[in-house]
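The following pair of complexes shares a single chain, chain A, combined with chain B in the former and chain C in the latter.
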Partner chain A sequence: MIETVNLRKEFGAKVAVDGLNLSIPSGRVTGLLGLNGAGKTTTIKILATLLRQTSGTVSVGGLDPVKQPHAVRKRINLIAGGERMVYARMTGRENLWYFGQLYDIPTKVLKPRIGQLLELVGLTHAAGTRVEQYSRGMTQRLSIARGLINDPDYLLLDEPTLGLDAPIARDLRKVVAGLAEQGKGVLLTSHYLAEVEQLCEHVYVIGDGRHLAAGSPAELMAQTGCHRTVRITVTNLSPQIEAAALAFDSRVRLAPGGVVELNHPDDLTGALTTTIIESGGALGGLEIVEPSLEDAILALSDRSLEVIA
Partner chain B sequence: MRHAAKVMRAEALKQHRQIFGSKLVLFSMLVWPLLKLAETYYTLRPLAATPGIAERWPLAADPERLLAFLATGALGFTFFFSLVQSAWHFSIERQTGTLELLFLSPANRLAVVVANGFAALVQNAWLFACFAVAMFTLLDVVNVAHPAMYAVVFLAMLVPAVAWGAFLNSVLIFSRDAAFLYTLLDDPMWFASGVRLPVFALPGWIRAIGSVLPLTGSLAVVRGALLDGQGIGDLAGELAGLTVLSGVLLLAAVGALRLGEARAQRTGQLRLF
Partner chain C sequence: MSVAWATLRRSWLVTRRAYPWSYFIGTLLLGVFTIGLAYLGLRAVAGGEISAEFRGKAGTGDYLGYIAVGAAAYMFVVHGILWTGKAMIQEQREGTMGALIVAPARRLPYLLGFSAFAFTAVAVEVAVLFGCAALFGVRLAPTGAADAVLAVAGLALAVFGMSAVLSNVMIVAGEAHIAQNSVFHAIALLSGFTFPREYLPEAFRWLGEAVPVTAAMDVIRGVFTGGTGLDPGRLAVAVALGLAYTAAGFLAMPWAERRAMERSY
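Let's look at the complex of A and B:
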């Protein structure tokens, strides 16, 4: 497990991370969310030994990255999206071989692993092609294979699908889910919240380097008051029907186009529909909008901004 | 050591792919040093007709020995300047993001910078080295006290050059702008190290600058052993100086790497300046 306690990082007068407590267990994808500048990348770089915290403690599988950086580096890897972090003049296979040497992977292990990783990211056909001839998506897939070259116990993913086409991003999500099933601990940051919702069992939300909330995506939505929204279109909306609908629950709102809207933690769709029909309303449409993690993050960020203001 | 050897192999492949990305590299490997050698030779050749030159600089009176003297200088310069180029390439890795990956890996940092320099040296200098050996053979100017001196010459070029490369890599790895190296170490190194003129002919303050450049000591050993028939005993002072200077450069490289990495971990910027 990766654990941080009261993690704090200052860059001069700026506090990038302020008192974060994280637990990233093996066998699970843990999300780390926040708006730009929230401190996500700084946190990931501290876990990866690229940055040193100003105060607080970090433990990676029981190892201290400050005192045992060499041992920690063998057990982790980092994949960042949107950057060309491979060598353009080497082929895909050569890039993986190069990084395999840096990680001191035995030749007998490295050779088959390179083949497996190229297959995993769908680059077997381009293994002998120079990376400068790869598309952006292919380069990013190679970066992902590079991040797995040392078979890390913990994988830190910083926007790994940034700029990838939808089918490739979908394949990558399958890979990440598979890695967690194999027992690896994965920390994921992403701006694609649907991706986090799909992959992460547990999510930390941070803002301005501080902890805002934590829990499963469903728990986060509940914590922030994001509930399912029912929209009923009434074709003959009259003052009498409006009054009946508004009397049904204090959360009922009237929207333009004869729409009666209700956002409520309980499922009151049937009861509201019955009330409208009994008051003489004719239904033109019924839409149920499930809450999303994006709503929760926006709500949390808004609250954070209110606190700062 | 086993891991360091792996890093060496990895860097050798990387340098090979980077340096031989285009056939035009042959120009910088052979044609460019040859042109510089020819320019220097035909600039200095009229000196042979200068009255009294044989007393002040005996070698200049003999065109073949003058050419051999200049060729050793050009060979030494090719060795050391190829490492300036390699350091510049290495600093570019900071901009492309691969430098951060090197620091993310458990590879020994000194092994990486030494391997990078060594690989660049071999890739850049082998062609001109072959040309120089062929030229010495054809001119029949080699005067060696003992066959073992060939090994001494080789090591006197290789070891300080690799130490010099490791030092430059470790310093420039953290710099945003490495272009100043070319200005600082191209013509000044060519001049102050005695590549085209004997060091004794240079003013004292230039000799002082040259004394801290390892190329100066390397050229003294190479010329002494290959052209003047000097043995180990004759060159002991120069060899000792080179050994000390190489050690200092390697220690400075270790210090710069530690300082730079600690600073990068503190500031988040993989640069020193």
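Let's look at the complex of A and C:
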């Protein structure tokens, strides 16, 4: 388990992380979300021992990264999509070999692992090609293989699929899910919220370094009032039909083009449709828009901005 | 030591690919020009004669031999710092510093790997330089094999210590050129590579004492050009300063690395 208690990080007068309490258990993918500048990367860098917190405590599998950084580094790894993290003038295989040496991995373990990782990220054919000749996506895939070279107990993923082609990103998501199933603890930040919804059982949302909300993606959507939206197009919308629809529920809104819209925690599609038909309306279309995690994050961030303002 | 060996191998691969032939041409030309210009200078300025004052202060009348040894030592120092001292800022520039720091490898074997490569590469350059010098009649005559080994080891330790400190300065400042070039100019002036330090004002001579390679150069001079043999006192000073710089560099390294990481966030 990775745990932080009252984690705070200041860069001079700027407070990047302000009192965060996180729990990242083994065997689960935990999400860390927020808008740009929310403090996600700073938090991950602290957990990865790259930065030291100003105050608060961090525990990685019972180890203190401040007092036992080398012991912590043996058990974690970091994959950051925004940084290259591999050597341009070395081949893919040479890069993995070199990082294997930095982790003191025995040769008989390292050699097959390099082959497995290259296969995992689809770079077996380019193992002997210098990274400077790789595309951005290939470089990122190699960086992912590097992040797995020490078979870490905890994996910190900062935008890991940034710049990846869809099939490779999909394969990486499978890998991440598989790592969690193997019992590893994974912390994930990503701008691709569908990816977070798919992978994360638990998500922390932060804004300006502060905790905004936590829960499963479904719980976050419920907490923020993000519900499914029903849009019914009425071809013969009249004042009478409008009045009936508006009387149905206080959340009903009328939109241009003869659209009656309802955003509600309960599924009232059938009842609203019946009301419209009974008042003489003719249906031209019915659309149901499911809420997304993105809506929840935006709602949380907007609230945070309102509080600051 | 697998980290040191791996880093040495990595340096070899990268250098061979980055400078497939120009690096070695440059090395050859450096040796030719260093000795050639010293020879021409001696002929053009001094008419081929060495003053009694220079003989007294340098402990030798073989000016070209004096220059060859000084130039070889200077190459040793410069390349040691360029490879070892700049290693971390190169990681920062290449975007690999985070991946390096998050790995559990210690920095000592990592930097030793760079030093091993630097000293191996400079050995080739020094061999070329002395090959050129031999064409002008220079003969390298150390006072003993053990003396020579100890003198070079003292210089290597001094360079390593300076590199450890400079590495921190460079990554904290996020800039290498001012740090390295200032140091190169300062030691060229203060440490007795191309002229006897006795020509310097006393204040500059004392300033030079704070630089580990100054005492190491005195040892080199005694063994390779002065004919006075190994000076244990000056060797002890070089070793003590080299160790002190090394300790200071490694103690400050975690702080410097964190500052370097903070600058990018």
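Everything below uses one rule, namely that the second predicted complex is superposed on the first by the 309 of 309 C-alpha atoms of A that agree within 3 Å, B and C clash if a C-alpha of one lies under 4 Å from a C-alpha of the other, contacts with A are read in each partner's own complex, and residues count from 1 in each chain.
Here, a residue touches a chain if its C-beta (ideal position, glycine included) is under 8 Å from a C-beta of that chain, and two chains touch if they have at least 3 such contacts.
Nothing here was measured: the structure is a model prediction, and the numbers come from that model.
Once both complexes are superposed on chain A, the partners chain B and chain C clash. For chain A, the partner that touches more of its residues is C, with chain B and chain C as the two candidates.
Using the contact criterion defined above for the overlaid structures, shared-chain residue A:Leu78 touches chain B and also reaches chain C. In the superposition on chain A, contact is made by A:Tyr87 with both chain B and chain C. In the superposition on chain A, A:Tyr192 makes contact with neither chain B nor chain C. Taken together, the two complexes place residues 11, 42, 45, 48-52, 70-71, 73-74, 77-78, 80, 83-87, 89-90, 94, 97-99, 101-104, 146 of chain A in contact with chain B and also with chain C. In the complex of the two chains, the chain B residues touching chain A come out as 2-3, 6-7, 9-10, 13-14, 17-18, 21, 96-98, 100-107, 112, 262, 264-268. Residues 11, 42, 45, 48-52, 70-71, 73-74, 77-78, 80, 83-87, 89-90, 94, 97-99, 101-104, 146 of chain A are the ones touching chain B in the complex.
Residues of chain C touching chain A in their complex: 2-3, 5-7, 10, 13-14, 17-18, 94-96, 98-106, 110, 254, 258, 261-262, 265. Those residues of chain A that touch chain C in the complex are listed here as 11, 16, 41-42, 45, 48-52, 69-71, 73-74, 76-78, 80, 83-90, 94, 97-99, 101-104, 130, 143, 146, 150.
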